[in-house]
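See the structures that follow.
First chain A sits with chain B, and in the next complex the same chain sits with chain C.
This part shows the complex of A and B:
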């Protein structure tokens, strides 16, 4: 059984305008998103700001409601669960946020922060057992027991993120949703946290949904990667396949912008610029206004099609697209 | 942890220590009032004793340590019991204003939408009128009496708390640790009590500690204007009101009756100063991010 299955999820934000007499502003954020997180795998969700990555993770966590579609966690449809039923699911699935400066309550000590999930779910009520559990928890994220009495402001960003990870692990979840867990950190600290996540994933047999806008980070950690644009999945493939053989024009352009660490190679590369093409606004493909390949062939709505084994891409122009060069990173 | 922070803060900053000492001194005077100035009339100790009905104030002497004011009310008695009354007024009014503001502000932030709009416009209305004028109107409508004056002061003071609490709750509500608590399965009341209120209440507590001094000052103004304590009541504002005719002294000696103004005036001055200095210290102590 797959830990998470997302089926045709749509989300539209509706805002009533002042004195509008029933008129509403509708902002579609997610359109027909389907994804599967497989057991003990890391699924990367990559895309630019505002493409709906975070909204999708919030819907999975039950913090937002999908407008339509189904989120199936551990075989149960989240939308049909009662409050008590959903609370059980929460033990199964936890989250780490982007900004460790805002995700920890500044008025609680580390031990209070880590106790909270246990209190809410009524676990380890005995004082000594609780103490032991907390100590093991902080040690598992690379901190020591003496840190328990301190406040979040006494820690660095990386250490705070470790605390946030420890809080997520307190309930011993099977799924971890990491919403850009390293993008607020220094690069050197990023590596430490990524290694920690990788280690935890292996030790605890976690499945992880990893939201990121950084391809290098996604490549390091993810088994599968989905590329999102304007609330849609444009490409979805096993990590190595995607990075060595990007199919969608958008993915290709993104890869071309990621610098490679070899200066000789980097000099030869050329970033694809996404120029805006007027007159494409009503196009069925959301990417058409910025796409260098948009043509008569892609006047049909792009659907995810399996272009190679396990590699899905939503581009109607794909068979006609002439590859300019390889931009694999 | 907290004790440590309090100690450090006062050791580091001498002005807040001065504030603490001032407030402690006044608190001691208020507590020991029955010993310092035994009341003749046990039923209403706030009524000052009169040694005679002579109009002219007497300068400090061994029988009247602070002298007497108009109509021979003993100033020492007035200042001592006035301290007790000042605490009573300051703390009661601030407490109720804080409580009302907390509930109203939390309700506005929690329900949002139209409720929020109506409540906040109501506070705007109160804000639009100068607070002393509004307090005067309410106190005059209810009739001159200490209890009515406290009601008037509360009615004027609560909106600033409501506004502060609402704004802080709205900003804290957006923070990730609240979302994280929801993701852990915490329910509304737990999130409100454990995460939102502790992170949004302290600015109001600091304002409250600064407000105690300000409330006492406003109460003194109302009493001075005859809208609060009645003549003969041991109230600092009332004592200054009774000194009104003697402020200028005699011809050639402006300071002939200095004690009638300076002694109750000094009491108000140091009381308000003490609370202001202490309020600053509170702000640093209640915020764990400060050293």
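This part shows the complex of A and C:
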């Protein structure tokens, strides 16, 4: 059984207008998203800000409700569960947030922070066992037992993120949802945390949903990657397949914009510019206004189609895309 | 020294913060010179002093911070000792700055146009109408479509990338000699980041302007800089022309930084990360600030701070280089 199955999830934010007699503004943020997180795999959700990647992870965690569609975690539909039923699932599904400065309570010691999930689920109540569990936990994320009595402000950003990861691991989960866990960290520390995430995924047989805006990071960590744009999945493929054979014009453009730390290479490269052409709003394809290949075929709504084995792409113009992509990285 | 005289010459710049635990020195003698028409990238992690350095160039430091030593020579004058009224003539007009977060650097209750116009009128004696015309031209120049309509809109009606374009327009309004860009693309998406970098680079080379480009991302530097200065713990670790730095990094910190960058070009199983954490300002090692994390550290490194060894313009502060020499 797959740890997470997302089936046709849609989400629309509704905002009542002031003095509007019941008129509402509707903003669709997720449109018909279907994804599967496979056992002991890392699924990357990559896209620019505002594409809906965080909303999707919140829906999976039950922090937001989907407008329609189903999220099935461990065989159970999250939307239809009772509070108690959901608590049971939560134990096996934990989260690491982006900013380690705001996701740890500044008035709690590390030991209290790590104990909280154990208290909520009533685990390891015996003092000595609890102590041992906590010590093993901090060691597994590369901190030491003496750190347990300290407060978050005594740690650097990278160490705080280690604490946040330890908290997520406290309940020995099967699924880890990591929402941009390294984007707030310094470059030299980012590599440490990425190594740690890879290590715990292998050691603990975790399945991970990894939300990121950074393609390089996604390539390092993910087994499968889904590219999102304006609430839709535009491309979805095994990681190596995607990076060696990007199909969607948007994915191509994103790859070409990633800076490469090599001045000689950088001079040769040309970034595909994504200039928006006005007057193409309301097009069936959300990317059409910025797309270099937009043509008559784009009048039909793009559906995710299998273009190569295991490689799905939502682009109606794909068969007509004559220019050979030179932006595989 | 490179043939042309430097536009900006920073010599032994020191900045301290006064805190409850005493004074903490965050810049410990930074020196560089910026030739005309060139881009110098200052690369550093959080706490390395890169932003403090940028703010001190225009004396925009918070009240708790002070320039305690050194000179900032610009156009024959020392900016560090200029009076506030003289400094006002330099800020914006001769040296201008782009900040990290475009959304919060614009005033939300004034239209974008008013803010641009204000900048122009503060330094030039021209009519409001002409200032407006100039502002619209500037908005067009930074790639804002329908500039005339956009002129009357507020910052919240602009996206992050658009706001940064407005900031760039504002910074370039008075044709400054030096542009200081403090992490101008950190808050933006990759595609927008690429556009903004190109824009800065194009405008910089068109106008023959010099620029100091501050970033934490070494990968960005490859695209925009002529020369790179790597900052760590308030000290310059390495300074070199961009090709030399990427081809042959001399300092272990620069080597570590380059190695720990995640590559999009190939899949790696393990990243050679730099162990340990960046130093907390005020609690650095008395010798080389990088010594506690350095895989090649000698005993000497913990006691004595290495000077910048200069090898044909490629400078690095590391004791290992002394032995080789």
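Criterion: the second predicted complex is superposed on the first by the 323 of 329 C-alpha atoms of A that agree within 3 Å, B and C clash if a C-alpha of one lies under 4 Å from a C-alpha of the other, contacts with A are read in each partner's own complex, and residues count from 1 in each chain.
Quick note on the criterion: a residue touches a chain if its C-beta (ideal position, glycine included) is under 8 Å from a C-beta of that chain, and two chains touch if they have at least 3 such contacts.
No experiment lies behind these values; they were computed from the predicted model shown.
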* Sticking to the clash and touch definitions up top, decide whether chain B and chain C on chain A clash or fit. => fit
* Asked: Which partner does A:125 contact after superposing on A: first (chain B), second (chain C), both, neither?
  -> neither
* To do: Quick one: classify A:23 as touching chain B (first), chain C (second), both or neither.
  => neither
* Superposed model, chain A: greater residue contact from chain B or chain C -> C
* To do: Scan A:268 for contacts with chain B and chain C and give back first, second, both or neither.
  => neither
* To do: Once the structures are superposed on A, label A:203 by its partner contacts, choosing first (chain B), second (chain C), both or neither.
  => neither
* May I ask you to decide whether A:191 touches chain B, chain C, both, or neither, giving the answer as first, second, both or neither? => second
* Structure fact -> Rounded to the nearest 10, the angle in degrees at the CA centre of chain A toward chain B and chain C equals 70
* Asked: Of the two partner chains, chain B (first) and chain C (second), which one does A:253 touch, if any: first, second, both, or neither?
  -> second
* Asked: Which partner does A:94 reach: the first (chain B), the second (chain C), both, or neither?
  -> first
* Asked: After the two structures are laid over each other on chain A, how near do the C-alpha atoms of chain B and chain C get, in Å?
  -> 8
* **Common interface residues of chain A - those touching chain B in one complex and chain C in the other** => none
* In their complex, what parts of chain C are in touch with chain A? -> 45-46, 145, 160, 189-195, 198, 216-223, 242-243, 246, 256-258, 260-265, 267-275, 277-278, 280
* Asked: For chain B, which residues count as touching chain A in their complex?
  -> 1, 175-177, 179-186, 190, 194-195, 198-199, 288-289
* Asked: Residues of chain A touching chain C in their complex?
  -> 48-49, 156-159, 186-192, 194-195, 198, 213-217, 219-220, 239-240, 243, 253-266, 271, 273-274, 278, 329
* To do: Would you tell me which residues of chain A are touching chain B in their complex?
  => 61-63, 87, 90-91, 94-95, 97-99, 102-107, 109, 116-117, 120-121, 149, 151, 153, 164, 167, 171
